[in-house]
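Note that the chains take the letters A, B, C, D and E in the order they are written out, and that residue 1 is the start of every chain.
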Amino acid sequence: MLELLQYDFMRNAILAAILASIACGIIGVYVVVKKIVFISGGITHASFGGIGIGYYLGINPLFGLIPFSLLSAIIMGLVSKRTKVAEDTAIGILWSLGMAIGIILIYWTPGYAPDLMTYLFGNILTVPMSDIYLMLGLDAVIIFVVYAYYKQFMALCFDEEFTKVSGLSAEKLYLLLLCLIALTIVLLIKVVGIILIIALLTMPASLSRHYTNNLGKMMYLAIIFGVFFSLAGLYLSYVFDAPSGATIILAMSTVYILHFLYDGLKPKIAS
Amino acid sequence: MLELLQYDFMRNAILAAILASIACGIIGVYVVVKKIVFISGGITHASFGGIGIGYYLGINPLFGLIPFSLLSAIIMGLVSKRTKVAEDTAIGILWSLGMAIGIILIYWTPGYAPDLMTYLFGNILTVPMSDIYLMLGLDAVIIFVVYAYYKQFMALCFDEEFTKVSGLSAEKLYLLLLCLIALTIVLLIKVVGIILIIALLTMPASLSRHYTNNLGKMMYLAIIFGVFFSLAGLYLSYVFDAPSGATIILAMSTVYILHFLYDGLKPKIAS
Amino acid sequence: VDEQSSSETTSDSNDNSIIVGVSILPQQEFVEKIAGDNVEVVVMVPPGADPHSYEPTPSQLTALSKAKMYAMVGSGITVEDTMMDKLEDLNPDMQIIDCSEGITLIEMEAHVHEGEEETDEEDHEEESGLDPHIWTSPDNVEIMVENIYQGLVSVDPDNQETYLENKNAYLAELNELDEQIQNTLEGKEGGSFMVYHPAWGYFANHYGITQVAVEIEGKEPSVQDMQNIIDEANEEGIKVIFVQSGFSTVSAEAIADEIGGEVVEVDPLAKDYIDNLAKVAEAFEKGLA
Amino acid sequence: MENVIDLKDIWVSYDGVRVLESVNLVVKDKDFLAIIGPNGGGKSTLLKVILGLIKPDKGSVSLLGGMPAKTRRYVGYVPQYHSSNLDFPVTVWDVVLMGRLNTKRPLQRYNDDDRNAATEALKTVGMLDLKDRQIGELSGGQKQRVFIARSLVNKPKLLLLDEPSTGIDSRMQKEFYELLNKLKSEIAIVMVTHDLSAVSVYVDKIGCLNRKFHYHDDKEISSHDLEVSYQCPVELIAHGVPHRVLKEH
Amino acid sequence: MENVIDLKDIWVSYDGVRVLESVNLVVKDKDFLAIIGPNGGGKSTLLKVILGLIKPDKGSVSLLGGMPAKTRRYVGYVPQYHSSNLDFPVTVWDVVLMGRLNTKRPLQRYNDDDRNAATEALKTVGMLDLKDRQIGELSGGQKQRVFIARSLVNKPKLLLLDEPSTGIDSRMQKEFYELLNKLKSEIAIVMVTHDLSAVSVYVDKIGCLNRKFHYHDDKEISSHDLEVSYQCPVELIAHGVPHRVLKEH
């Protein structure tokens, strides 16, 4: 493994894995405890529409992606809070709508065959330096916002009605949280792909949930798990000559599944 | 439109759209009311692993797909019912795991993976006659099972604890329902693709929810909406020369969004 | 790339000309060079789309259902694998010709795997390891043109003479192109060039140079692949990575950063075959190491 | 006839924290038992053990002479918290009919008997007017009434009620207790409650549960140190009871 | 000082079904008002209107002299149903501290004052022992106690309690009512309840709500046809009341 470190691509991959794990660890904890895995998946997929817009307008897809995913996060948030449409249905719809827009726009864009697979599955081995800086910036933003709003987010995730009664705007806080999720997703899409993002968001956070009842500690643990798994997955992908993103997920889920087999498949509640 | 009917591919596409709408209408209602959109998405994505297995073994991907998606449905069901892992986290994990397995296996299979894009994005224009028969069979199975277990499924979706106390096995019923969902997904994958299935499952059912408080009527309405939208989308995709699957989804979501803009974005509950 | 024109040809069809379906843009050029205005060509994979993943639209299918003849590349490009059966169903009278007839398909250049090369070689299916990009070499194109000519003659025997004349003229052009490229690449035999998508295997084979591919069969490189690619590039002194125009260059750029090189666009699917290939050859000449 | 409920030496713990300790309980036909005890005493847990929804760490459960999983279909149960999905597209009527589900096999439809029983049960709880209301559109107490109706609709052999009067207005409460009073001549009833005035008026037997279970299976409770070990609110039980006097214990 | 609550001509309906009809309500400082009424009478709805969680179709709401959205932070609220996420990784302690959130801006941490207040509140409801328990691992009544503590921790100017004694054992209930009795000398309290014996003992003013609101702002209720129009359970209010006699009305 060590001799691999002489390669830039490997150093970048490791940096990307660490930075991604930090963002995912912090935001993932909220995603897991507030049970908005699905909405995160929705934002991720809807953001595909932004990629389509980027291609269609001939600009850097990132400039389509960022506004579009923030917008879809806000729309999902508003739709699920303000209307009588069941939240998960609203998400399912925006999810597919974003994807459909992306596909159609990409189809209509002359002269471009997008590497769809990269967006779906990512490629952590070819992360350019510029993306690393972007991720650093994102991590800084996330850490700052979460530090500032730690108590508020905790109340929001625990009991929205109470948050309102406390004089806070639960809706604004929720939208802020969704926007953080959207940002995380945008910056990670190129690196790890839509599919891996969901894994990175949920698995480390959910694993850490088993070890503590404290929100803050969960975040630290989730980051540690994320870094550990992604580096291990990277190494395994080298050993077995397999795609890195997928191997990271595989490593993570295997540990997760083993962990909870050990922790007891025995039903607590009889069926 | 009418002159299009002289083409076999169009007739098959229309048949496929109708048969898919029937399966989706019935099963989609359960998906929407039991709020298992996410688990359905999970089964869909996990089934990608089955496609990978099919490619790797060099068999028809459908033969990898069917057992794999049934299996992942059952595992998801058991994990979410039997263990303390939060349901949506378990799904997120199996979701990524299935995808990862698919990616790695396809990577290890030499040669281009034909049809891969079809599985991801579907192609209703190239549905062969054999698939139409398969879909007919599936619709028959779904209608029969739902007819037989209508009351039981209703109780299950409404109140699982009560279902248990009534002496039914809530777990078995739930697994049966998930297997029906898995079957539906398998047969729809070729038609609309993994990415868009969720739309077809949720939108007609959720739209019909606005018009009735009766589960059975919801199913009829959902079928009607599904048929209408998919045929309209098909026609529009011809007019605008756009990919059919994506256009169907776009048509559906546009109507859905217009509908609920009309129905009132006005918040009932102040924020 | 000439933008909208070909998508227009796909949609409007006037009844008196013969409709010929083809899979990719270079084939359109071949057919048009031979048949001139006598035929109308419908291309399955429009400009910029990826022949490894493209799915046709209803209007393309309706246009193709009126076609007299379809010239498939025949070397196993994905869109044909998925669509040909369908097209036969759709239009049973259509004459289907296989442009690759008479061309020997070569193995896809595998990534250099040191040591564990032949581990699961046995599992390889027959055609899957073969390189479908036959049209990137002018000598293959001569055979393709010949095949297309035969097909056109069989669906439209009346115009055989025109076709023959046109074909010969085009073959001559292709010959000239071949020589021109030989000249361009003079003295570079045995050199290597690096491409992202390995579309240039036949070209490299024909001119005695080596293609080093980053991505293989639509699959992103693994860590070992990356390691080998970079080592090889450094050994051989490769400083240029060629990417297919229009495709995302991010990954290629990351590798270019690593080897201190640059990314250059070349297009294996341009309609204007002859000029394009000459330009490509010049680009390769500069990038060869 | 055998005992309706027979618990022997039941131990339950959550994550290592013991909640029930060596609980023995026998309920006979036509018993009306109230279980009282402090918050966290394990009352809800005990009902779930009786129904087989929680497996005890130790001990044996017999319900209506069999395994709970087999026999619980003959029990009417009103839980403390409702796990039901309140956006669900069912009306009050559908929910009450659901109480007849245990008598149905797949493919079998509801018949007139079922419908009559449902009408009857809704009348009993005063909710017949609202039978076409979607379940989520009811107020707290209205929902509770519907769930009570659902537990009654199938003529159960045993009623397990976990704080059934929660949210119910006082007029209805009174009617409800009168109803239980009538039912106890036919079936067994076990009710968890904090409403001691109701206990003192209608109930035959009282059990105090605070991890350990103490059964006062006589109208008269013998004096001992219950106050300490079970936190039984003795003075409240004893106070203002019309037809029974509990000794201080 | 201005009125704590001032509702003028409030109308609310759900999906066209009218729930509140021309409700007028004034609560002054140090009032202790109990709202009683039948199930579905609109009591929970009324509290939500006071808090600005539901916008009335018509009418004006003033809370602590301002718009509810601005001033509700000074209110301690215990809802009938808890919308909280019970798997959440917070302890009892965190939940109670959350009650102090309204005094905090982003970036500000909890200080010793906050912690002392939380300790105090937990002691009041007898839950200090369990302060490190995860919230989902409590029994029904224990949870309710924690939520009561949360509503008290911030020394609110008004307490809005929607059936606060739900699930709470009788010993704690008594203590809780004693506490309210003490608090009413400092703050205003509005409590929805079906527990008429508590009403009769501790409360100063009674409001009957059944779509329309009728305010008995005197200890003595004047006689009229309340029984019919508000379904006030007169005989129960009147029965067994130690320090007050209601005329039949």
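FYI, a contact is a pair of C-beta atoms (placed from the backbone, for glycine too) under 8 Å apart; a residue touches a chain by one contact, two chains touch by 3 or more.
Being a predicted model, the structure only gives us computed values, none of them experimental.
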- Item | From chain A, the most remote chain by mean C-alpha position | D
- Message: Taking each chain's centre as the mean of its CA atoms, which one is most distant from chain B?
- Response: E
- Task: Would you kindly tell me how far, in whole Å, the mean C-alpha position of chain B lies from that of chain A?
- Result: 24
- How many angstrom between the C-alpha centroids of chain D and chain C? 76
- chain B to chain E: how many Å between their CA centres? 46
- Note on the structure: Going by residue number, chain E touches two or more other chains at 53, 69, 87
- Query: In chain A, which residues are in touch with two or more of the other chains?
  - Reply: 35, 86, 116, 121, 164, 209, 242-243, 267-268
- On chain C, where are the residues touching two or more other chains? 7, 53, 218-219, 222
- Note on the structure: Listed in rising order, chain B residues that touch chain A in their complex are 32, 35, 37-38, 41, 45, 81-86, 88-89, 91-97, 99-101, 103-104, 107-108, 117, 120-121, 164, 169-171, 195-196, 198-199, 201-203, 205-206, 209, 242-243, 245-247, 249-250, 253, 256-257, 260, 263-265, 267-268, 271
- For chain E, which residues count as touching chain D in their complex? 14-15, 17, 36-45, 80-81, 137-142, 144-145, 163, 165-174, 194, 196-197, 231, 233, 236, 240
- For chain C, which residues are in contact with chain A within the complex? 1, 3-4, 7, 46-50, 53, 113, 116, 218-227, 230, 244-248, 250-255, 257-258
- If you look only at chain C, which of its residues touch chain B in the complex? 7, 11, 52-62, 65, 76, 78, 81-83, 85-86, 89-90, 108, 120, 123-125, 127-130, 132, 217-219, 222
- Query: Tell me, which parts of chain A touch chain C in their complex?
  - Reply: 4, 7-10, 12, 109-118, 121, 123, 125-129, 190, 234, 237-238, 241-244
